[in-house]
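Data first, discussion second: the structure below is written as structure tokens.
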Amino acid sequence: MSLLEVRDLDAGYETGQVLFGVDLDVERDEVVSLLGRNGAGKTTTMRSIVGADEPTVRGGSITFDGHDLLATEAHDIPRLGLSLVPEARRCFGDLTVTENIRLAAHHATNPRDVAAMFERFPELDDMRDRPARHMSGGEQQMLAIARSLVTNPQMILLDEPCEGLAPYIVRRIEDIIHEISENEGVTILLVEQNVAVALATADRHYLIDEGHIVDEVTTERLREDETLRQRYLGV
Amino acid sequence: MSRDSTAGVLERVGAIDLGVWQVPLGLLAVAVLLRPVVSHDLMLGYPQVASSFLIWMIIVASFNLLMGYTGLISFGHAMFMGIGTYSVAIALSSLAVPFLLAAPLGILFSAGVAYLIGRLIAHKGEIYFAMLTLAFAKSAHFVANYNPGGLTGGTTGLADGTTPAWIETSRGFTYVVLGGFRIDWYWAVAAVFVVGLLLLWQLVRSPFGRTLVAVRENEALARSMGVNVRRYKVWAFTFAAAFAALGGVLLEINNQGATLSELSIVTSGNIIIMAVLGGANYFFGPLAGVFVWMFVEEYLTDFHTLVLPLTEVPLLRIELTGVLAYWQFFLGLLFVVAVLVSPREGVLGLAKATVARLSARIRGESE
Amino acid sequence: MSDDVDPRSAALGTEGLSKHFGGIVAVDEVDLAVPAGELRAIIGPNGAGKTTLFNVVTHALAPTSGSVYLGGEDITDVPQERRPHLGLARSFQSNELFAELSVLENVRVIAQTAAAGTFSFSLLGDGRSVRAEAARDILARVGLSEHAATEATNLSHGDQRRLGIAMAVATEPSVLLLDEPTSGMGPGESRETVELVQSLQDDLGLTVLMIEHDMEIVLSVSDRITVLNRGSVLATGTPDEIQGDDDVQDAYLGGVREEL
Amino acid sequence: MSTSSLRTLGLARLSAGGAAVWGAIALLLLVAFAVEPGLFVDQFVGGLVYGMTLVLIALGLSIILGLLGIVNFAHGALFMLGAYFTYQLMALWGLSFWIALVVAPLLVGLVGVAMERLVLQWLYDEPPLAGLLAAFGLALMIQEATRAIWGDTPLSVVTPAVLAQSADLAVTTVARVRLFSVVVAALVILAVYLLIERTDFGLSVRAGVQDREMAGFLGIDMPRRFVLMFFLGAVIAGIGGVLQGTAVGMNPTMGQQYIIITFVVVVVGGIGSLFGSVVAGLLIGEAVFLTPLVLRSLADVTGIGALAVPGIGGLVPYLVMILVLLVRPRGLYGQEGFME
């Protein structure tokens, strides 16, 4: 059985349905990307998986490591080993870097050592006591990943980690994705608009358009098939 | 259920659609029917309070111009009413200015104060606006209590010489005496009520009033589409104060004087409760709120003993004076329930929806 | 590649326009000059500052520095609510509506504002009939006539987007800023919306700036394209020029070429 | 409530104009002290007691507002219940003050939890107006219930013997119970500060104030924390009520009177800032008690009798608020964009 299984997921907001029968599977130790344009339903899929109040799930099932996520309270989901690095990072701006990480560790069942995270992310070490709001976008992204990693998750959902970041930071984040998947055995579902990041990091790609999974392709195929990219991703 | 869809249901079930006449006829009906209804034996049984009902309806409706139509919550609305009351009382008792001159001046003065305060605070965020109106209202209360120059009468308020010569009272009834005619005070109030609320209705249905609704719905959008949001708010605040003062002016004669309670924060709070209780979404909502509030107050505080099963066969006597003196507890409960169901619908919204649902069922429509 | 028109005489121009949030530079020294009648697409990756640019141009946010010109006039210090009356209108990325008003009323209130000014004491007459004809015409134009009496919040997503355009048009603009008018629409609906924009532009003689992420649409309809990246203008040019530009490919298209 | 708001304290941001104002105030206080030292100290202690009481109510109000976005108008009613529960425990059931000091706040806490579970929790996702109105109705209900149970007339309890005597402060004597109130209030404030700033529980609450949903994504059970914080806020207000009831007495409108001034405190301090609430509470408490004295001294010194406006103390909080908000639209330590 796959680590994460999404079956026939229908979800939406008050204004209308967004997801129509979404199916996706992520196997243990895989890096899988979910690609699509703005408004295609990527973030809605992510929010459905982690049990956010909005969108409302209207049908289908989501299973993680054998647990039915739709029957699990949102705040219990991280304890199953599924952690979210949300879009726009959402670090707690008034809390310091250490506090942000400590907070996450405190609410995990089997957390990693907080101090070890600073070895893992040396760029955060100098700014342990700095409020997150005074950090650059790239630094906040590191913090958001560290905050997730400290909970010692089986799987991380990464929602647009490279949005609005300078190319060299994008490279760094690509490297981090490689490291945590290969060296630390964390499974990753990556949501991206930036095809290059997905090509550089993921093994397999789901293409989502207008709330439907329209294709599931290998990195090879996505690299070569320009019409495919044109059609669903606008590149 | 929202306003338009409620109206839609009513239309579908064939409720009478009077179009543009609905509000004028409704106001007329309230003015004509209120006294006979409240003075009926099954209701309050005495007619004297009916004029107070109408006056408070004007005041609470003026508040709803702010809350219901513009989306501004003022915690100091009683101040503007009280300015009207005190202006007339001072003019009559100390300045020997006739009522017919004092009343419009009082209304203008109230509007002027509101305009200045509005210029200062109308653009503030919801909570800040509410708190600042409260602060100004407290200040007005302080001034009246301080009794500058002996004008406002301090804690005792003003009573002596505050009734114009053409007002007569006998056996609890008040009359307006003009030349040889003696008109019941209630009908004088009713006339002002109908005219005043028609003006208010025209205000909310005019292009100006529709823009206020747009401001309530989405301030940022209104601004980006070319609406000077701040000025609209200032003028809504000013007009609301003028109509509140109109009520205050009538209250002066009705209560024969001015008391500090007319400027108190508790009164402002009661105005909010009445508006919400009735249904801020509707023009007639505040009127319904005043009716419920005042009826419950008068009725329950008068109600002493519940005898079961019959007065003639008193098997069980329950002494209710002790409980019903605390009628505000039950109103508070009703209020909380109304807010939980829907903050802007009130009893009128609930009643409308219920009527619509019932008549739909009677006509055999499935929902 | 850049604009070759003087921003001070263009239909819409900016000079050195910047917006900083604390230490973050959201819009960085942007120079734009959009000649009258042009359909200009604004593209760029997420977070490039496209919407912030619109906010600064319309003064929803005060610029940190720089100037904005509308039809040759310096409007940098003109308050936000005055700008629609000078001919500058916008639609929003999210569906901004007067939720509890009917579709017709949404448009009518704005048509009435356009006719009467930023503030008007018109206390006489029925607000529901003033400018109702004009509003109906606009609804007919955008294809919302049948929904005129519907409460705006009950419209479908696509119709709400169209209502947003209708409201912007109701201000009687000369320059129209559209923020992702097709977002959340399917290809068919997107196509219709873009055709609607084009027909409005032709009929009303509008200058249009349109933020759009669908490259197919952008390449096929725009006269010229401005590419924003991290707050500043990366390139401006015709669709052909932009497609052939290596910088643009690198920054906006995520360096796919480099990977290939 | 955050470390950054603590950092904003400091004279560094005082402008020249601000310095002049504070200088003038200091001078006026000196004059008042010189004219009537005994009365000055008396009033100063009075202001301190009053200010501390305001802070105790403001803390809970501010926490609930920050965490849940609910303007809890009923918080003053909880304060009042603290006083009446004290009366019930001491005067009617004959228990000691020390038992009341512990039990009454806990009972108030339970009322607070009932309020949150039965009514307010349903309004978290509604616009702020709904919560405010519902709390308004709850306040009315509690007030009427109090009148029904304990009557309309003001009540008081017998001060325990240890606290009944006076303490000698050289220029005047002050009832010990008032000093005791100040000490207890200060300890409570310190405890709240430590809880919020130094514990993991406080850390999760601070996170929740900033981004409730994200805190949930990290595995924090926010609804449970809402209940706990509501309980805590109610307990603190209850402690204030016990102290007030013991030192001064109680009546059924005290909740209403105090909640309004407390809102003034929260707004002046800056919505969302616990630290601001503490500063503003003490500031307003002292201003209420010292302003009349200062004006009277000034009238004595200058010979202008009109300066001594009787009853001006009651108006001072509102004047302070109008001034502060016109100069600093977010209050003393308010955060940008909060509740605007």
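Here the chain labels run A, B, C and D in written order, and each chain numbers its own residues starting at 1.
Everything below uses one rule, namely that contacts are C-beta pairs under 8 Å (C-beta built on N, C-alpha and C of every residue); 3 or more make two chains touch, one makes a residue touch a chain.
Heads up on the chains, UniProt names are A = ABC transporter ATP-binding protein; B, D = Branched-chain amino acid ABC transporter permease; C = Probable branched-chain amino acid transport ATP-binding protein LivG.
What you see is a predicted model, and the numbers here were worked out from it, not measured in a lab.
J.: With a step meaning a move to a chain it touches, how many steps does the shortest path from chain B to chain C take?
T.: 1
J.: So if I look at the partners of chain A and the partners of chain B, which chains show up in both lists?
T.: The common neighbours are C, D.
J.: If you tally contacting C-beta pairs, which comes out ahead, A-D or B-D? Let me know.
T.: Here the pair linked by more C-beta pairs in contact is B-D.
J.: How many Å are there between the centre of chain A and the centre of chain C, using C-alpha atoms for each centre?
T.: Averaging C-alpha atoms per chain gives centres 32 Å apart.
J.: Determine the centre-to-centre distance between chain C and chain D, using the mean Cα coordinates as centres, and give it in whole Å.
T.: Each chain's C-alpha centroid was found; their separation is 49 Å.
J.: Can you compute the centre-to-centre distance for chain A and chain D, using the mean CA position of each chain? Integer Å is fine.
T.: The answer is 44 Å.
J.: What positions in chain A touch 2 or more of the other chains?
T.: Correct list: empty.
J.: Going by the contact rule already set, what residues in chain D reach two or more other chains?
T.: none
J.: Two or more other chains touching the same residue: where does that happen in chain C?
T.: In chain C, nothing touches at least two other chains.
J.: Looking only at which chains touch which, which shape fits best: line, ring, star, complete or other?
T.: If you draw each chain as a dot and join those that touch, you get a single closed ring.
J.: Please give all chain pairs that are in touch with each other.
T.: Listed by label, chains in contact pair as A-C, A-D, B-C, B-D.
J.: Sort out for me which residues of chain C touch chain B in the complex.
T.: Within the complex, chain C touches chain B at residues 58, 60, 80-85, 89-90, 92, 96-102, 105, 108-110, 112-114, 116, 118-128, 130, 151, 167-168, 170-171.
J.: Okay, in this complex, where on chain B does chain C touch?
T.: 2-5, 20, 202-203, 205-211, 213-214, 217-218, 220-229, 231-232, 235
J.: Which of the residues in chain A come into contact with chain C in the complex?
T.: Going by the criterion above, the answer is residues 15-16, 37-39, 136-137, 160, 163-164, 166-167, 193-197, 199-200, 210, 223, 229-230, 234-235.
J.: Quick check: in the complex, which residue numbers of chain C touch chain A?
T.: 23-24, 45-48, 95, 156-157, 160, 180, 183-184, 186, 213-216, 230, 253-256, 258-260
J.: Using the touch rule from the top, collect the residues of chain B that touch chain D in their complex.
T.: Within the complex, chain B touches chain D at residues 73, 120, 124-128, 131-132, 134-136, 138-139, 142, 145-146, 265-266, 269, 272-273, 276, 322-323, 325-329, 331-333, 335-336, 339-340, 343.
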